[in-house]
Amino acid sequence: MSPQSHSHSLDTVKHAEQTPETDLPWKELGLKEDEYARIRDILGRRPTGAELAMYSVMWSEHCSYKSSKVHLRQFGEKAPTEGPGAEAMLVGIGEQAGVVDVGQGYAVTFKVESHNHPSYVEPYQGAATGIGGIVRDIIAMGARPVAVMDPLRFGAADHPDTKRVLPGVVAGIGGYGNCLGLPNIGGEVVFDACYQGNPLVNALCVGVMKHEDIHLAKAAGTGNKVILYGARTGGDGIGGASILASETFDDEKPSKRPAVQVGDPFQEKLLIECTLEAFHADLVVGIQDLGAAGLSCATSELASNGSGGMRVELDDVPLRDSSLSPEEILMSESQERMCAVVEPDKVDRFLQICEKWEVTATVVGEVTDGDRLEIFWHGEKIVDVDPRTVAHEGPVYERPYARPDWQDELQADDPAQLPRPANGEELRAATLALVASPNQAAKSWITDQYDRYVLGDTVLAQPEDSGMIRIDPETGLGVAVSTDGNGRYAKLDPYEGARLALAESYRNVAATGARPLAVTDCLNFGSPEDPAAMWQFAEACRGLADACKELGTPVTGGNVSLYNQTGEAAIHPTPVVGVLGVIDDVARRTPMAFRDEGHLIYLLGDTREEFGGSAWSQVAHGHLGGRPPRVDLERERLLAEILIAASRDGMADAAHDVSDGGVVQALAESCLKGGKGARIVVPDGLDPFVFLFSESQGRALVAIPRSEEVRFTDMCAARGMPAARIGVVDGDALEVQGQFSLPLEELRRHHEATIPELFG
Amino acid sequence: MTTRIGVVTFPGSLDDSDARRAIRIAGAEPVALWHREKDLRKQQVDAVVLPGGFSYGDYLRCGAIARFSPIMESVVEQAKGGMPVLGICNGFQILCETHLLPGALTRNDHLHFLCRDQRLRVENDTTAWTSDYERGQEIVVPLKNGEGGYVADERTLDELEGEGRVAFRYLGGNPNGSRRDIAGITNEAGNVVGLMPHPEHAVEALTGPTTDGLGFFTSALKKLVAS
Amino acid sequence: MARVVVDVMLKPEILDPQGQAVQRALPRLGFEGISDVRQGKRFELEVEGPVDRDALARIHELAETFLANTVIEDFTVRVEDADGNERPAGTGTAAASEGAVA
Amino acid sequence: MARVVVDVMLKPEILDPQGQAVQRALPRLGFEGISDVRQGKRFELEVEGPVDRDALARIHELAETFLANTVIEDFTVRVEDADGNERPAGTGTAAASEGAVA
């Protein structure tokens, strides 16, 4: 069928029925032959162009999770069924974001998402719209967003392209988040050559609401109106639909559609205020944000989650670009838009609130009593589908996976053979090299570009172990969140790597005194079509699900990002895990800084010789091999209990988790944060190098006032937690007795100069 | 009668709730004011705070669009009549755009948004918003902005210095290229004060670096109670 | 429909960190022979109806009261012809802001 | 010394929140009859030596690689004459970025 005969004519449902033989560019839209056959099967005819547009975006990997679904199921199947985490779950996986009960009538929703590929193409806008997208997910649950975090991965710190990507990403996250008025309370910055052509920009948002304010995306109630509000729809992110529009149905129009979306944080700020006001006035039945797949996604999901059908008049969608075709309107990913379902007699009040906030709002459809999603354009029906088949019944793949042949060799390459610092002088040099290395260096040049004060409830923010937000100013109820994920560990063993990510994040939350409750995760992996990457993914899911069960912290939601690779080379498997914890009174939080001379420094946990994937092996030798540190989740749980009790009972003045870089890195950070030195003694029986640089898990440093020492050590002994007194807060140097002494000023210079020198 | 201090919310205001909290902690009654309000007198407020944020996204120029909000006419009129007005960050930018205060705020010289705890010296302890401080006193409050470089022509700068209208100066390094390290200024009458740093974020030990910012609000309260 | 362009530049005596950052980067990028860079804003206004003296006067006022902050910025109003040439139709500085419409 | 101007504007299909904010404010300020506003950047470069074909080619390259982000922006290079008129000396879009120097 030649394109001309269709040019300027509308591919209506009727027309599709009459022209069964018409070829559609399903392949160009990313569908497989059998997927297209299934669509024809479902419809009992060929799809219209608009229907094809909807199916193709909704059945994409990004929207349908077709390769990951079978593995993600474990998060539900293995979810803990008892304990505080299980009891706190209010809304689980499947909604825009999970919701947990944090007590006192409050609920918290949080989720992490990726915006990796757009951020490589256009770092500023890619990262900015990443923040925008995750914030809309949180608003759509009925919550007020209260904080954001940004786990980031970049290529080598000294690579010229990193100088393009990092400053742009950071400025974009700051530019958008600061303008929205959300404090940035934490994140990660990791450099590794494996991310050179594929940086990871993950974004997390936390929101708070009262239980009764939880809203779900569904379109119940025949006759209820569907209101589209926020930005006008433009031609953003519709590469695929342009193919459809320009090649098949309207060959003459220019198919110049932007691949990059530009964010408008001011518009989003108005969306937040306007949505929350409408919620509080009880004007909303269901609500959905428009993210990937835009209106296709919003209408089909709202309709399929509800009881009835939906009828949409596409002509009523406010456009930024009047040349858009209906297919393009359905696929547009223009930012800062939301869709609400509102009872007819409340529509006027809803529109008034939008007017107050100067937000464009239009009724574009209504809920019908059928079970079809019908979309009209110029009075003709161009979509007539069962919305469930679009939104929920996409393809599911059992992709083949296989342990890569190089895995054994990698694990056999034990770091035990690497030359080590042999005396005090060399340990000193190794310490300076470590704290100055890009991954271990201070990130304040980056995080100072983020507002951490706005909203006035930030109790802890970077560089603390976790960010902490006060929820209720009367009672002091608060939540803490940390995100972690070590791709080097996961490369050595993806199953253990995922468990390690959870362990670290859990520990970081507990270090501040909060009780870990629930998990969100962003799984960043290579191509699912590569059996090796698929194996990494499967292993990581299995590991995370097992670990969540063991620790009693359910996964409440998250995001999968596949195809993170440059050519054949995949990134390190990078599961990023966010843990949310609760603290009854934020006044009891434990910060990381050594503040008072004379406080005793204890190391909790056992130190073994564990250097696989360690920061030291990377910094000193550029080495990655062996096995990652052992995970003992029972020990993590015990450690958390100790840290929480120490906070609650006022026994610890400071606590800091020990992770990459080992004890010496943690000591340096606590000293520099408080501007106080420390005198450290290597515990008997431990090799100084192993003591300082090993990355054994399940450990933390605490600073204990002398008056609390007996109480604290008794508690540790009673619970069976190894606690070694390793020194005292004192002076203005980090001194490891018998080995070396490093004046804080010198330490600070090395730790703080690296990032500004690279990017300033 | 309690003292009522209004806080204007423009579309894109962000630190309005913080300003209201600071007013409450200081012992006055915060009154939320919407930017479309035409007549301030109806709200019976004794003073007004223009809070921080990104009014209208700070598109065009910081404060340029907010300046034309309906409420601003009334704010200008009342300010000229002696009502205490405090502009924080975006509020300072708005005060400059309305010419209640001289000069303008430009892009930070290092071109980045910067959030840090900032040391300041109080240079004028006689304004409506600074009387609870002592001249020469050092305080630490958060600073967070992308366009905080204060500029004015030399004559204006000399005038400000000569008349003691530089209210705050940066210490410990100029964070944004402000001329003569100026962090905040006042009008001739001392009732209108604008500054880039955020005193409202330094009113509680738990969430701020210090509680040094409280003095702004207690100063206004005392003055209003006295008058 | 005609296009009127308003250019807004920082006054010469006001520090222009953005322009300076560009200029400082030039040698690194291998560009020589550019002695100064200033960065400003360009507004393209699509005007309905004729761009006559009256319309230009109104745009001039718009520029002066809104698009530019004349405490620190100067502006120029230009009319674009069909060839993409832009001819000045008035500039504004604090001093010469009145009656500058050509 | 001659002045070359590089104008950088968001591509027409890209959202321009700044221009929109300005446009939305106009009616409130009492300005009518302006149907669209786009906001972009203007760079004024002071060039040492003659602004010949070669110099313009280099400036074109500078604009393309540095001043504009051609993923989302188009640019125009103009030469300013003594009367303040600016004549185009090349534009760049993703499509037409090569050899566009007049």
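Labels A, B, C and D are assigned to the chains in the order they are written; within every chain, residues are numbered from 1.
The rule is short, and it goes like this: contacts are C-beta pairs under 8 Å (C-beta built on N, C-alpha and C of every residue); 3 or more make two chains touch, one makes a residue touch a chain.
Please read these numbers as outputs of a predicted model, since none were measured by experiment.
Interface comparison, B-C versus B-D: the higher number of contacting C-beta pairs is recorded for B-C. If you average the CA atoms of subunit B and of subunit C, the two centres end up 31 Å from each other. Averaged Cα coordinates give subunit C a centre that lies 11 Å from the centre of subunit D.
The distance from the centre of subunit A to the centre of subunit D, with each centre set as the mean of the Cα atoms, comes to 38 Å.
Those residues of subunit A in touch with two or more other chains are numbered 264, 266-267, 358.
Under the contact definition stated at the top, the residues of subunit C that touch 2 or more other chains are 66-67. Residues of subunit B in contact with at least two other chains: 56-57, 59-60, 68. Across the whole structure, chains are in contact as follows: A-B, A-D, B-C, B-D, C-D.
Taken in their complex, subunit B has these residues touching subunit C: 60-61, 64, 68, 96-97, 102-104, 106-111, 149, 151-153, 177. Every residue of subunit D that touches subunit A in the complex is listed here, in rising order: 10-11, 13-17, 20-21, 24, 69, 71-72.
Residue ranges on subunit D touching subunit C, taken from their complex, read 1, 7-9, 19, 22, 25-26, 29, 31, 33-49, 55, 58, 62, 65-67, 76, 78, 83-88.
Remark: subunit A residues 121-122, 125, 231, 234-236, 256-264, 266-267, 320-321, 334-335, 358 touch subunit D in the complex. Within the complex formed with subunit A, the residues of subunit B that make contact are 11-12, 14-15, 17-18, 21, 52-54, 56-59, 112-116, 142, 144, 146, 198, 200-201, 204, 206-208.
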